[in-house]
Each structure stands twice: as C-alpha cells, then as structure tokens.
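Here chain A shows up in two complexes: once beside chain B, once beside chain C.
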Partner chain A sequence: MNSVALTRWSGEDAQRRVAKRYAAERRFKLLGLLAVGISVAFLVFLLATMLVRGVGGLSATFLAGSDSTDPAMAGVWGALKGSFLTILVTIGLAFPVGVLSAVYLEEFAPRNRWTDLIEVSINNLAAVPSIIFGLLGLAVFLNVLHLPRSAPLVGGLTLALMTMPVIVIAGRNAIKSVPPSIRDAALGVGASKMQVVFHHVLPLALPGILTGTIIGMARALGETAPLLMIGMRAFIAAPPQGISDPATVLPVQIFLWSDEVSRGFVEKTSAAIIVLLVFMLLMNGLAIYLRNRFERRW
Partner chain B sequence: MTMTQEKQPITTNSAVPFPSTAIAADAARDDAGIAKEDAAWTDRPEPAAGPAPITVETPSPEPQDTAEPAAGRTPKMRADRVSVFYGDKQALKDVSIEVHDDRVTAFIGPSGCGKSTFLRCLNRMNDTIAGARVAGQIELDGHDINAPDMDVVQLRARVGMVFQKPNPFPKSIYENVAYGPRIHGLAQGKSELDGIVEKSLRRAGLWDEVKDRLQESGTALSGGQQQRLCIARAIAVDPEVILMDEPCSALDPIATAKIEELIHELRGRYAIAIVTHNMQQAARVSQRTAFFHLGELIEYNRTSDIFTNPREQRTQDYITGRYG
Partner chain C sequence: MTLTIALAAVLAIAVAFAYLGRSRARGMRSGGSRLNSLPAYHAGYVFLWAALPALLALAAWSPIQNRLVEQAVLASPAGQQLPEFDMVRDTILSEAYEIAAGQREAGFNPESTALAPVYRATLAHYAWIGGGLAILLALAGGAWALTRVHPGFRARSGVERWVMGALVGASLIAILTTLGIVLSLLFESLRFFSMVSPSEFLFGTQWSPQTALRADQAGSSGAFGSIPLFWGTIFIGAIIAMIVAIPLGLMSAIFLTQYAPAKLRSVLKPALEILAGVPTVVYGYFAALTVAPLVRDLGIALGIGSASSESALAAGLVMGIMIIPLVSSMADDSIAAVPQSMRDGSLALGATRSETIKKVVLPAALPGVVGGVLLAVSRAIGETMIVVMAAGLAANLTINPFDSVTTVTTQIVQLLTGDQEFDSPKTLAAFALGLVLFLITLVLNLIALRVVRRYREAYE
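Our next item is the complex of A and B:
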C-alpha cells in the first residue's frame, strides 16, 4: 500500500504529470492575455490617432460653434445639442415603455404561445439592423404622421424603437435575477402582486435595468444610419432650439465631415470623435456609478 | 413526485436509537394541559376503540368531520382530501388533516414527500407556481380559502409563513418588521408602528439583540437572527396561523435551539404548522405529527404516539431511520 503510494506520487513520472498541468495553465494565461492585448491595442491605437490628429482642433470656437463650410469656423456644439435632445426623446420614451413591458412580461403575463411569440419577436427586434428602423421612421413618422424632417423628435422616436427591445431584454434579465425568496417573503406577509413588484422586485432590479438602459442609450448615441434616413444629414448651421428644430447629431456630423474634401476637416473629424468618446465615457461612467449606488446584496 | 423546494438530504442521524422515553415524557408534559380536549377529538368515528390514533391512509368517502361539532372543538384549519398537481405530476394525494389553535403540528417525511407542498397550500403560496393545481377543500375557521370571496392577500396576512432559508428584505431591521403592518394599514402613526415593531421583535426574542441598531440592514444579521427577524416580520401582522417550512434547516444547532424555544413560546398564541426534516425536532416542538410519504399522508397522530407507538409500518421504518 505504502509502496504503491510512493511510486504513484513521487519519482519522475509524477513530476512530469505535474509539470504538464502547470504548462497547460501557463499556456491558458498567455492566451487570455493575448486576447485582452488585441482589444486594448486597437483602443490605444484609436485613441492615440485621434488625439494626435484632433487635439489641435479642440478650441473654444470648435466647442461653441455649429457646422460651417469653412473648417476654421466649424464646431460641434450644434451636433452635441442635437445628440442631447435626441437622446432625451429616446430615453423619455424607451425607458418607461421598455421597463413596463419587461415588468409585465416577467411578472404578470401568462406563459403561453402568445408570450413566447412576443419574446422571440423582441429578441429578434434587438438584432434588426438599424437602417431598417431608419426606413420605418421615414415611412411612419415622416410620410404618414408628417412630423418635422431632420428633427431630434423624429430621430429620438426612431432610436427609441431601436433601443426599446434592448431595455426590455435587460429589464427582464434584471427582474429574473431578483431571488424568488424575496417575492415569497413579501407574498407571505400578504403583499399583493403589485406591491411585491413595486416595493421589492423593481427596486432590486433597478441597477440591472439602469445598466442595460445606459448601454442601450450609448448605442443609440453612436447610431448613424437610421438618422440619415430621416434627414438628419442636412447641413445645419444653427444649433437646434427645441426637439422640432432641424438638427444633426455627433456621429452624423463625424460622418459628414469625414466626407469633406477640404483638408481642414480631417482635424475637425478627429476632434469631434474625441468629443463623442468623452460623451460616451461620461454615460458609461454614470452607468457604473448608478449600478454601484443602487446595488444591494441579499 | 420530485419537488424542487426540498433539495437537502435528511441529515438526521437517525441510525442512533431514538430516545423514546425522553420524548414520551416530553410529550406527556406537552399534552398534559390539552389532554382532555384531545381525548374528545382524537376519538373519531374510527372503528378501533380507546386511544385509537387516527390514520388517514385512504380517506373514507364520507367526510370524517361531520361529527366534529359534537367534539366541541373546531380546528383552525382543516384540509379535506387535498391533492396537488404540478403539471401532470401528482405531488400530493388526498391529504386530510387539521391544524389546531395553540398546538404545534409537525409535518415529517423524506424529501419530495409533499409536506412542503401541503404547507404551501394552506396560505395558497402554490398559486404563484406556474402549472400547480390544487384540488380538494381547505378551510380556515370554516371558510373555504379557495372560494372566490376569499381574498388571498388577507388570507396570507392571517396565515403567515416562515421559509426554509432566512429571507429578510434587503432593508433595515425596522423596515423588515414594519412592512407588513404598513401595507395592511395596521398602524395609525409612527409611534404605533414603533410599538408593533418592538412587540414583534420582543416576541421573536430578537429585541435585546437589535434594539440599538434597528436601522441596520436585516441581511447583515447572522443566519439565526435573520430567521427570527423573519418570524418577527410574520407575527407583526398579527396572524392566526404561522406556517414554518423547515425554518431551521439552514441554521446551526444553537440558533436551532433558539427557534425551537421560540416556537414553544409562540404556541399559546398562534396555531403553528411546521415542516421539518429533523425528526428529533418534530418530537421536541410538536404535539401532533403527520408523516408524509410519496405524496400521501401515512399517519397523523399525537407526536408521542407517532414516535413511540406508530400504527403504520412505514412510519416505524422512517422514524427508526430505515429509509428517508
């Protein structure tokens, strides 16, 4: 017995087996590091190029001005304001509708063929290319409802359609991850279904819902194609005063400038990208802050 | 027949011979006060005379409780031929049982035997499980709890529940206890609510430990304290019946002892039904014990009789640790 144990766990053979295991572990770590390295390298490359090219373009006139045919006079303020107004419309519409849909589907709807169908459709909708939402917005909001062309209102509505499924999916997952024991506890003291949802489930699911919402918003913020379809690619020399004024948004502005022949716009394009990245960084930072702020353990 | 609620294996060391004499003495003490009424209602129209225990293995077609008023004691809750189905699977077959005021009724049996399922019928918690269907009649003070005029929210306030895993809300200790009275509008103001919170925590034997930190999170307490907080939360709405679903299975022996002591103290005030895997616990805390096996109620009797003189071979086998 003793001698068997000795031969099995000592000697060259055992050492070789152990070494093999450690080698596999090292290889895996290296592979993981490589994977992370690739994505970081691209990010660093993007940031470095943008900074080198664009930092010179960041000036007071650039931050305060609107689009202009003269690169020296062109600024991002108009596009920034347009982006802000568009996102406002999007969040104002997509958040309540998305959260209520998620709550209904997860907590109240019966499980049957119809809700299965709805679930599949929502998941599908989240994967539909954004250009198709743009066409939908063009057909419904502009051609049927005759809403103002190029306005943040229409842009926001279109992006809301696109963001809603993302919020519904994130919301449902967040609601699903609230432990059933909390529901049982509330039901056990005689809370009604509504009270269980609004006193316990929704507050606990909120961090997850907010994270999903802000990720959806960040995506909407960077969206270009559907906005081109509803006319937000027009040349707008004055910042919009409200959600029905003609406006453009940051990514569209970047797209327009990158297409300009004048050399001066190269710098402007990079500077606008820096502004967009900072805007997104702020939004993602907010998402992380909100998640930590509302997160509770149970 | 498999049930998801009961995953834990039985940890009772039941191979050790059961200290039946101690239990008999304990049970005798417990039953001393209620022996008279017991005699009145135990002797049902069963064929056997004398201290014949009631066995409800295959319920007779005629309801047994017609003779009940004569016995002079109405049970707090009465289940009559209750069956539960999860989809196509039958988890519970024709269970008839009574839960009485100021007495602790224990439900024992191996995992998946239907005891938790049955407990959850008593306050209609099975309503929340998709595909669950309950057949048969369950009454609270003579009213059918599944009747259309029975408000399930009110039912659950009258029949409180304590769960297997301590599940305080991730809120303060105070809010945990105050939640029930608040949603039911039981307190007229802050001071009255404070009073209810204190009284409930005192009854749950937790007040002295938490009185200086009522605003701290309920989830920061130890497991045993959390479970007593859950009991305080349940009694804060002044229920008539308390259902406990293996309340000690996640607790250490000391916390378990405290909960058991608490159950003894609460007995005079509420009808208590407790599901337990631990047979010694059933013997210690209950006056009535029901033994479930494979979805059927095998035997329901005085605890002392179940543990010292079971009628059914299967009960005998289970309590001596031959299976389970």
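Our next item is the complex of A and C:
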C-alpha cells in the first residue's frame, strides 16, 4: 500500500497535478502584478495627460498672474498665494494642537470613559467626509462667529479641524514607537514626567510626527470641497494681502476654470494642475525623505 | 491695528519679566542658596503669569468692545438720526464698520459713509481701552509672579500645571469639533424639517429642490425626496467604485507583501502613495475630460442610446482607482499582522504560496480587510469633487451605469454655492443631507474601527 502511494508521486498523473498547481501559482502572481500595474499605469496616464495638455500653458505670465476672464491673461499666483496663506493658518493651528493632544493621549491620559470618547472622536473625525467640515465651517465660522467670508483665515480654520486628527494619529504612532527604556532612564536620573516627554520622547518622535504632518498638509493643500462651502470660489482678480482678504486657493481655481467653456481655459486648467501636483509631489517627497532619513528601528 | 500693537506689547512685557525672573533666580543661586527649580522654570512661570491673563483679557475684550462701540455710535449725534427700523439700521452699521475697517471704499447708503468717521473714532477709543487693560494686566501678573521667585518656590510644578492644562485642552478640541459638527448639522436640519416633513425627505423619490418666488408659480412646491440621491451615492461609491477597488486593492496588497522583491516593492509602494496623494479635484477633472467621453463612446458602441457624458460609470471608475491605495494599505496591514507561524505551517504541509494565501492568510486577515473595505466605502460615499465634476445633476433612479445619476455630496455643493438666502428650504436641505451623510459615515467608521481593533487584539 505504502509503496503504491510513493510511486504515484513520480508518475505522470502527479507530475501533471504539480504542474497545474505551479501554473495556478504563476497565474496568481501575474494577477497581482497586473493589479499593481493597472494602478501605476493609470497614474502614469493621468500625469502624462496633464503634462501634454498643460505644459503649453506654463509661462511667466501664468505663474505671476491672477484670475482673469481672458484665458491669455489668467494666472495662478493669486490662487497660489491664497493656498499658501490658508496652509499657514492650518499648520499654525493644527500642528500644536495635534501634537499636544497626541502627547496627552499617549503619555498622560488615564484609561477612562472620557479618554475613550476622545479617542473615538479623533479616529472618526479622521474619516469624516471633508465636505462635512465645510458645512461646519459655514454654520459656525461664518453664520455664528461672522468671520470674513472667502478668507484664508476661515479656510485655514476649517482645514485645521480636518487635518488635526491626522496629525494626532501620526503623532501617537510616533510617540508609541519610542521605547520605554528611554523614559525609564530619564525618570531614573530624576526627570519629571513632563521633562521626560518634552526633553526625550518628543525629540525622538519628531521625525515621525513631521512626516505625518506633512502628509496631512499635502492633503489640506489639495482639498477643494470644504472651501467651496465657505465661499472661497469667488472671482478674485487680485492676490490676497492678508489672511482676512477674500481669496481663492489653487484646487478651487482648478475647479472654477474646469467649468469655463472657453477652450483657452482647458490648457490653463491642466497647467494649474501641473503646478498643484508639483507642490504635492514636493511635499510627499519631503515626507518620504524624512521617513527614510530619520526612521529608527529600536 | 491697535490689537496687534497690544499683542506685541503684552508679549514684550512678558519676555522682559521672564528675563528679570531668570536673572533673579540666577542671582539667588550664585548667592549660595539651593534652588528648588531651575532658573528657566522660574522664567517660564513669570512669563506665563504675565502673558496668559493679558491674552485672555484681549480675547474676551473684542466681543465686549463690539457691543460697546455699537452703543456709543448709536448714541452719537450722527447715530441718533438713523432710521428706527432694525434691519436698515444694522445694514448701515455694518457698512460703516466695513468702511472704518478699510474693507471697502464707500457704502451703499450715504448714511454709512457719514457714520464711518464716528465709527472709526469710537473703535479706536475702545481698542485703546482694551489694549491698555491688557498691558496693565500683563504688568500686574508679571510683577506678582516675580515676587514669588524664591529658592524654595516650586516653579517647575507651577509651569507643568499650565502645560498639563494645555495638553488636556488640546485633546478636548477633538470632542468639541465632533460636537460642533453634530450640533450645527442638527440645528439647521431641524429648521429644514419644520418646513419639509422628514418622511417626505427620507422616503420621497422626487428631487427637485426649487422654491418658488411666488406662491402661484408652476411647480412652486419643490420636491425634497432624497431616495434618488442616496441611490446615486451608493451606486457610484459603494457598488461601481468597490467593484474596481476591492479586487485591485486586495491583489496589489497581496503582490506587494507576498511576492514583490524588495527592490520592486520600494518603487511600487511610493507610486501607490502618490496615487493616494493626487488631489480629488485632479481626479475629477480627469474623469470629466478624459474618462467620461471614453465611457460614453463605449456605451454607444454597446448600443445603449441613452449613454450620457456624465455617466455613473465614469465617476465610479475613477473613484475606484482613487480608493485602491486605501484598500491596499489596509489589506497590507492586516496581512502583515497574520502570524508567520500560520504561514509556515501551511507551507510546510506542501501548499504553494498562492494556496497558502487563499486558504490560510486571507481567511485569517479577513476581518481587517473587511474593516478596510468599510472605511473605503465611507470615504467613497463622502467623496465630493469627482462626482461634482463627473457625475450629473439629474436625480435618476436607475441601474444603468451609462446613465447619469446624482449624489448627496454633489447636491450639497449645488444647493450651497448658488446665491441663496439662508432661510429657504433649498439651502437648509444641504444641512439635512449633510446630517444623514455624517450619520452613515459615522456608523461605517465605528464598525470598521471596532472590527480592525478586535482583530488586531486577537493576534497580539
């Protein structure tokens, strides 16, 4: 009985079965490669389309000008400046609040119902649709607090609420990855809990926090929907001078131009997309660089 | 302007006091006494007492100031001539304020231009009072704290208490934001439901959110049945997009974690991250300009005459591609969390790698994958720009993917970006839609987070 089973393994039947299984293995692997390939091909196709359509629209007047009804005169500088001011407000608010709350939740918070509630709301806020934040901004910042409409201040506030949870989650992961031995050593030489956190844990966690922050900021830079809600879609022909001036931002400018029927704006829209993508790639590249350069495996 | 000066003055005073505090503590140390806290903590303590009360006072002053200024302006000779009627008066006042603040050149009403100098003078008057108050507070707080600098004084605990307060305050902002979202959506939705019945909104199948200018106009009532919107949202976000994203995302994750050599992986993973980082407005433009015509031509070639250039398929396809990185990274995490011993056991029994993946790894990782898919659905149905740009506005109840459907987010944008007064059911409907959208994504997120967390605990 035993010898019969053994001979079967080298028989033709068995060979065929093994070959079939190996073929299935290869097919599966190819399927996986195909899946990744489709995503990458789509990305390349998208980038190539935008480059081909928009590269002719990139010029000095385009980079230095502001919105105009004449496609030949329209430029992105006004929108770029609006984006810059908005992101400045966002980072100024979201970074400190995000880092402090990550520190609290990871290092100090007692395990109780309140902490659970904070944790659940942060995790949920990170996944709430961005347009809901726009509705919040419209209802609270504009209709209750009467802040100036269309201003980078309100846009920045709204985006700060949206990016804060992202920074908190990244910050907590970075703080969690600092080994407890560091804390124990600092406590052992007489540091207070606060000194342990601010002198030792935070500096070690900083690259991770910064990576998360940059990714969050890149997302905020590309965000359109909440800013439409708070009125940053007006036609603005002069670059904003401060955070309470009416302004528009680059993604919204792209959206506004994409609606223009005049053919000249098709090229301008693609050119503006190139500018936006360059900024996004720079920020993502910086994040990846930071992660690779400073990431430590303990 | 005065505010900025006051702010700068308060900070300068605080820094000066902090410096004094530090040098005083240092002097005590070099005088031979043993300090409880380092001089820097004394400086920090003095700084906080000089700056924080003054800054709080400044923040509290501006609403008080606005009210006082308004009263003073109304009591002035020019203000007393204003019409009694509240709404007209308020318009003139706010115009005068804008002129005084330099936000506009001239008012629509001649009265407001006349009132502007008075407004400006009173504004400056009260701003000086507020600024002076803050500066006094800063001086008083700093001086008081300076008297407490003493070798035995526990300045560090004092500073750390303030820092702890800041930490707790920062983490409460998340709860406040959630609360703000719920309350603002609920409040506006209640106003909407006082005009349109909830059952019509939730179960009606007609959506045409017009409100008439005159009562006797044709089609004056407007219809607010949201079923077609939710169907469109689910059709695009939860059906078409997921048919694209789940298989592709899952297979990508399997390939990247199980098969790809390290070098290939280090190229492909950032590529997927870039795909995730492309702004949605770019996807939307691409969907509307490139994918939609292709899909329409395909529809016509298939003999579907009604193929629309704003088809559900075009928006859903692009949205699916956008979601792939999210599904992939969630699946990646849960596959990586499956213990190596399970994989080794299966391989040792003679299973091939694909058999191990299909029969052992995937079933073990399933809860995490399901959690990821739920998060992806929640992301897809809340996605706005792709559908605003590539899906239509016609509220159709259809299962033909070449037909045009509209979604909840598209309608919110449509309802709120027109020139509308803020009391009409049309604008308020956007908040009701937002509330339902928020609740749906909340439930999806909570289930997904719970599933993912349970599952992680199971293997730790």
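The working rule: the second predicted complex is superposed on the first by the 254 of 298 C-alpha atoms of A that agree within 3 Å, B and C clash if a C-alpha of one lies under 4 Å from a C-alpha of the other, contacts with A are read in each partner's own complex, and residues count from 1 in each chain.
One rule holds for everything that comes next: a contact is a pair of C-beta atoms (placed from the backbone, for glycine too) under 8 Å apart; a residue touches a chain by one contact, two chains touch by 3 or more.
Just so it is clear, the structure is predicted and the values come from calculations on it, not from any experiment.
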Fit or clash between chain C and chain B when superposed on chain A: fit
Touching partner for A:Leu204 - first (chain B), second (chain C), both, neither: first
Partner chain(s) touched by A:Val278 [first = chain B, second = chain C, both, neither]: neither
Dominant contact partner of chain A by residue count, chain C or chain B: C
Partner chain in contact with A:Ala234 - chain B first, chain C second, else both or neither: neither
Partner chain in contact with A:Ser192 - chain B first, chain C second, else both or neither: both
Partner chain(s) touched by A:Ala48 [first = chain B, second = chain C, both, neither]: neither
Chain B versus chain C as contact partner of A:Ala23, first or second or both or neither: neither
Contacts of A:Ser181 with chain B and chain C, given as first, second, both or neither: first
Nearest Cα pair across chain B and chain C, whole Å: 7
Interface residues of chain A shared between complexes with chain B and chain C: 192
Residue ranges of chain C touching chain A (in the complex, touch as defined): 103, 156, 160, 163-164, 166-175, 177-178, 180-181, 184-185, 187-188, 247-252, 254-256, 258-260, 268, 270-275, 277-286, 288-290, 321, 324-325, 352-355, 357-358, 375, 378-379, 381-385, 388-389, 409, 412-413, 416-417, 422, 430-431, 434, 437-438, 441-442, 445-446, 448-449
Residues of chain A that touch chain B when the two form their complex: 111, 179, 181-192, 195, 199-200, 204, 296-298
Chain C contact footprint on chain A (complex, rising order): 21-22, 24-25, 28-29, 31-36, 38-40, 42-43, 46, 49-50, 96-98, 100-101, 103-105, 108-109, 117-118, 120-125, 127-133, 135-136, 138-140, 143, 148, 161, 164-165, 168, 192, 194, 198, 215, 218-219, 221-225, 228-229, 233, 251-252, 254-255, 258, 266, 269-270, 273, 276-277, 280-281, 284, 288
Residues of chain B touching chain A in the complex: 123, 125, 128, 130, 153-157, 160-163, 165, 167-170, 179-180, 183-184, 219, 230, 233-234, 236-237
